[in-house]
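Here the structure comes first, spelled out in structure tokens, and everything after it is commentary.
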Amino acid sequence: MIKTAVLGATGYAGVELVRLLASHPEAKPVLLGSQSYDGQRISDVYPNFRHVLETECEKLDLDKVAQCDVAFTALPHGASKDVIPQIIERGVKVIDLSGDFRYDDIEVYEKWYGQKHSAPELLKESVYGLPELYRDKIKNARIIGNPGCYTTCSILGAYPLLATGAGSAKNVIVDAKSGVTGAGRGLSQQCHFCECTENSKAYKVATHRHTSEIEQELSKAAGEEVLISFTPHLIPQKRGILSTIYINLNRKYTTEELVDLYKDYYKDEFFIRVKDAGELPETKHTAGSNFVDIGVVADERLQRAVVVCALDNIVKGAAGQAIQNMNIMFGQDEKTALDRPGFYL
Amino acid sequence: MIKTAVLGATGYAGVELVRLLASHPEAKPVLLGSQSYDGQRISDVYPNFRHVLETECEKLDLDKVAQCDVAFTALPHGASKDVIPQIIERGVKVIDLSGDFRYDDIEVYEKWYGQKHSAPELLKESVYGLPELYRDKIKNARIIGNPGCYTTCSILGAYPLLATGAGSAKNVIVDAKSGVTGAGRGLSQQCHFCECTENSKAYKVATHRHTSEIEQELSKAAGEEVLISFTPHLIPQKRGILSTIYINLNRKYTTEELVDLYKDYYKDEFFIRVKDAGELPETKHTAGSNFVDIGVVADERLQRAVVVCALDNIVKGAAGQAIQNMNIMFGQDEKTALDRPGFYL
Amino acid sequence: MIKTAVLGATGYAGVELVRLLASHPEAKPVLLGSQSYDGQRISDVYPNFRHVLETECEKLDLDKVAQCDVAFTALPHGASKDVIPQIIERGVKVIDLSGDFRYDDIEVYEKWYGQKHSAPELLKESVYGLPELYRDKIKNARIIGNPGCYTTCSILGAYPLLATGAGSAKNVIVDAKSGVTGAGRGLSQQCHFCECTENSKAYKVATHRHTSEIEQELSKAAGEEVLISFTPHLIPQKRGILSTIYINLNRKYTTEELVDLYKDYYKDEFFIRVKDAGELPETKHTAGSNFVDIGVVADERLQRAVVVCALDNIVKGAAGQAIQNMNIMFGQDEKTALDRPGFYL
Amino acid sequence: MIKTAVLGATGYAGVELVRLLASHPEAKPVLLGSQSYDGQRISDVYPNFRHVLETECEKLDLDKVAQCDVAFTALPHGASKDVIPQIIERGVKVIDLSGDFRYDDIEVYEKWYGQKHSAPELLKESVYGLPELYRDKIKNARIIGNPGCYTTCSILGAYPLLATGAGSAKNVIVDAKSGVTGAGRGLSQQCHFCECTENSKAYKVATHRHTSEIEQELSKAAGEEVLISFTPHLIPQKRGILSTIYINLNRKYTTEELVDLYKDYYKDEFFIRVKDAGELPETKHTAGSNFVDIGVVADERLQRAVVVCALDNIVKGAAGQAIQNMNIMFGQDEKTALDRPGFYL
């Protein structure tokens, strides 16, 4: 039984980790860290857990974390940077859900985050936790930078075209739509129900931090620098990311050819479901599950591919992916606790 | 391994059965019946199932049903009445999700449904599938009339007050609010997104069939005839029933006393969660799970109890309850595949 | 041209006042009071006003208010009580949207609000601003206690039955469902989109302040004390109140008789639309308009009426009613700026 | 008083026309055409109209249409093509909301619509009803091809960059998100509330007919052929279109420069509101109004503009624009009945 700590257990990513761990046959959430709800049971904060899991939340106590095998850190930025090195020191593996350990190049991090990195040595050691790309490195990692929702969706959607050379590295555009859980549980005017429902908008156009992370991975895929337009949007639903990706093609392709290319590229990936030609993903098909659904269309008129990629931002885009990483790190079947079909309704 | 048939697998109750059975360790949905989607995989109709369950739907074939241990019948009214006797004849147990096998008194059925009952003998034999009330009879039943969402919510909410004599049988009022999955997957103007969102309404005031079913069970609880006002409402959410129940009290009670009464009454019931005094249920706490949340308030000024009861209409109000019944009938732990905390988000 | 001040212009009731005044041919919002957005244009806070109304919001300045004909006070409780007497002193009429000036009996106010009233003399003078009941008094009032959403909906729904003696004063139950604008624009966990959507709940059961206000008016209708169960619920939509009201009947009635009774009672009321027998109101039919839709059903089996009443909580339940009162006070046609059909979509 | 006929009055575009005409001081909807609701009052079909407008809907009768000054045709494709020439013959002006009269080049129409055009002569005469571009021609037109939601939003958003030469005609990408009213009132599985809420998806990728219409206008703006990727998406809200447009810039620009360019370009347009640098449009700011909100960002890193454009698809994208056209055609102030701020809530 893998003993896990969820630090930041009462945020949306944290509580989704707890939900998934609650039915994991080989792991157990033994420690739920929460500054704000210290002393309250998780089932008081999220009453859906009553009769199922009634563990008390507690303030961070590194000695208690030290008794776990792995800590998931879903902490506010800043809190996480001091804590993680101390957890690692105690021999506990870390799967970090923040942006701090996702970069190859510390300068890119410091430029986009506007601050010094606090643990450069750990950053160097950390592994980018996208199992479909780095499964082997994840196996033996001590620290994982678990990719977020926008990045997972955009990277997996664009990767095959760039990695195979079918797509051009120029003029890549990623137009992404996110549900509101992506903004977290904190209060803000824009998340007020009456402001949020019946509303859509773009935000952080041309400046969103995830741009740099997507560019890092797509550049490796393409073997050359890929610079992208990345536009995040907020849409009135709880769960779900839909990325629509535009990539110019290096020669004429039919939709069928592109679908075959994707199906082949991801043929061994359980969590990636490439749609048949003529079908397109919808966020509700992935809600509550760890699946990524990808549809591809060749616009033959323009010699351009339009890729549509959907996933659940707090599962494959956060908690589910973190558990997938944990499964790999601890020698479990990667699908354990994640082979569910999602809610649909 | 219990071999199950889900007849009507592509309706909302049906597909929720398939979802829950897909992660049941001791049961398997081997046969998915669907007239409309014959020959298509369940994962074509509900793409959330891709990579998880890709069984082909098929038209009703009684010989194939005969190879199962139990059939869940979630068929349109009318379809179900001819089919069920033939399934029983073949030695297969039936858990029926329609209203046909829920009545003690055939005359009540015929009055509220406005038609002759097609299988009076089977009706006599059938057991009302509310495990919290009839667990022992369910164990050995061949045919279960699985209660619906409004009835489960209203009966479990009102039962303790009437069964203990704390509440009066006169002037019982049940004001129930239902999510739109309760109206099923069929198309209708009122279920069009643009008509349904930002809208609430009452319907079938004083005439809804479930009235009679609630009265049947509450009368047994009270030991005298209980007649109720039952008003169903449609509210703009997918899942969830909230019943607000008004019962005059036979003497003065405090809220604490009523809460104790409920906690005591349901102390052995895993799926019933009585809220502490001062807390009230919310539909989202039960969404996706088989739990029933109950809050009670004594209005001391009026010597009246207000009971608020929440559940997920397609889980405890349909598919989850059906599986709970199956678990009991086949000697499984009643909680199997149902001990999940729900989605919350 | 009536010069109006809207104090508290950036809350939801306030901004709806501004929206309606912006197309009132005989009134003008010349002063927009806002503590939080002092110095910002209303069109900065609510960008829907750009190119239409770009007035700057300002802190309260009584000398400026003194130049208006009427002030709408939609202030946080507490703020309002000091300000209103000073406005009245300056010869400006006040239409107050708080609960402070709605009571006949100061003791009832002080009991339900748990505090001393700050202006007992003004309270005595104030007129309850429900035009359908007090049109004549409103004409000459200096200060109006403008009724809120729950009270308007519940009083107008129940009034005819109690005023005509058709209904019994005993066992009156009002089960009300409200959209989220009713909770205002302030931030709270329960109004976070992700907590609010797909969720319904009851709150303040047996203790909501509006109970006392409804009882005050219905007692006057019945000519005897009427005590009610009033249960407010929060449902996932922006606008709309739906009150379902249960009243025992003093003799047998058919639905048709009750509908006739209501149609006759309200035959001169433009803003009240009584549904034909067999039809029921829906909140979306009233959204964005000042109309109140009422449907009545006689449950002959139980000798009980079920009345369903719908309105838009921030129009007829706040801003629209305030303008209706203003129209009456200033000799305008009562319907001015309010004779629109609502949005539907 | 302009006498108007609304043919197809009970669809979503039609009923929005009726709503806006109901408060137009100089026009009156004297004839409401509806095949499906012949003989029913508009207030029976849309009860928000009760007490405001209770006109009976009627089947098409050309003699009655002949007594009107203008007919708005919001008919199903096919119905419209036979009817319109006959209306024109009778000396009644036509504002057609279908795609039939929006094309300069009949071949483009026939290619994208897959059929012969039924009235080539009328097509030649017809004027594209985008007042911001063709105000002068609209004044004297007999027949207007009223642009739809996607096209209005995309053309107005992209126009200034292409018309001024700031933007390149190559690699223009329009990623558009639409509310569900855009799909009309007809029933379909995808518009069922339970399928639609909590869901987003792309559709008709690379093949949507509006592509050709946008290309027609943008090519005229650029003075060279502009081919675009146009991807429509369905998002879970009723009203609103948000177009995110990517256009490469011909030299380096700052955001401020682009904002100035847009403000200057649209400086005389009441219905176009260009956001200040740093601000972005949101669909709810335009809901219920005829406004178009545009935000522009220069991605200096990539020398690319990202333009975000929002409008209400059934107002500026259909009914409001049609009335704006009518106002121009009949010498009214263009803003008449359209100078409202929208709902916000």
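Letters A, B, C and D mark the chains as written, and numbering starts fresh at 1 in each.
The rule we apply is simple: a contact is a pair of C-beta atoms (placed from the backbone, for glycine too) under 8 Å apart; a residue touches a chain by one contact, two chains touch by 3 or more.
Remember, it's a predicted structure, so these values are computed and weren't measured experimentally.
Visitor: Along the graph of touching chains, what's the shortest path length in steps from chain A to chain C?
Guide: 1
Visitor: Once you count every C-beta pair in contact for both, which comes out on top, A-D or A-B?
Guide: Greater number of contacting C-beta pairs: A-D.
Visitor: Suppose chain centres are the mean of their C-alpha atoms. Which chain sits farthest from chain D?
Guide: For chain D, the chain whose C-alpha mean is farthest off is B.
Visitor: Could you put a whole-Å number on the gap between the CA centroids of chain B and chain D?
Guide: Computed value for the inter-centroid distance: 46 Å.
Visitor: Once you find the CA centre of chain A and the CA centre of chain B, what distance in Å lies between them?
Guide: The mean C-alpha positions of chain A and chain B differ by 36 Å.
Visitor: Can you list every residue of chain A that touches 2 or more other chains, as numbers and ranges?
Guide: As it turns out, chain A has residues touching two or more other chains at 12, 181, 194, 197-198, 236-239, 282, 284, 287, 345.
Visitor: List the residues on chain C that touch chain D in their complex, please.
Guide: 12, 15-16, 19, 22-23, 46-53, 181, 198, 238-239, 270-271, 273, 282, 284-289, 291, 293, 314, 339-345
Visitor: Per the contact definition, I'd like the list of chain D residues that touch chain B in the complex.
Guide: Checking each residue of chain D against chain B gives 12, 180-181, 185, 187-189, 191-194, 196-198, 236-238.
Visitor: Chain A touches which residues of chain D in the complex?
Guide: 171, 173, 175, 177, 179, 194-195, 197-203, 205-206, 227, 229, 231, 233, 235-240, 242, 244, 246, 248, 280-284, 287, 295, 297-299, 301-302, 304, 306, 308, 310, 345
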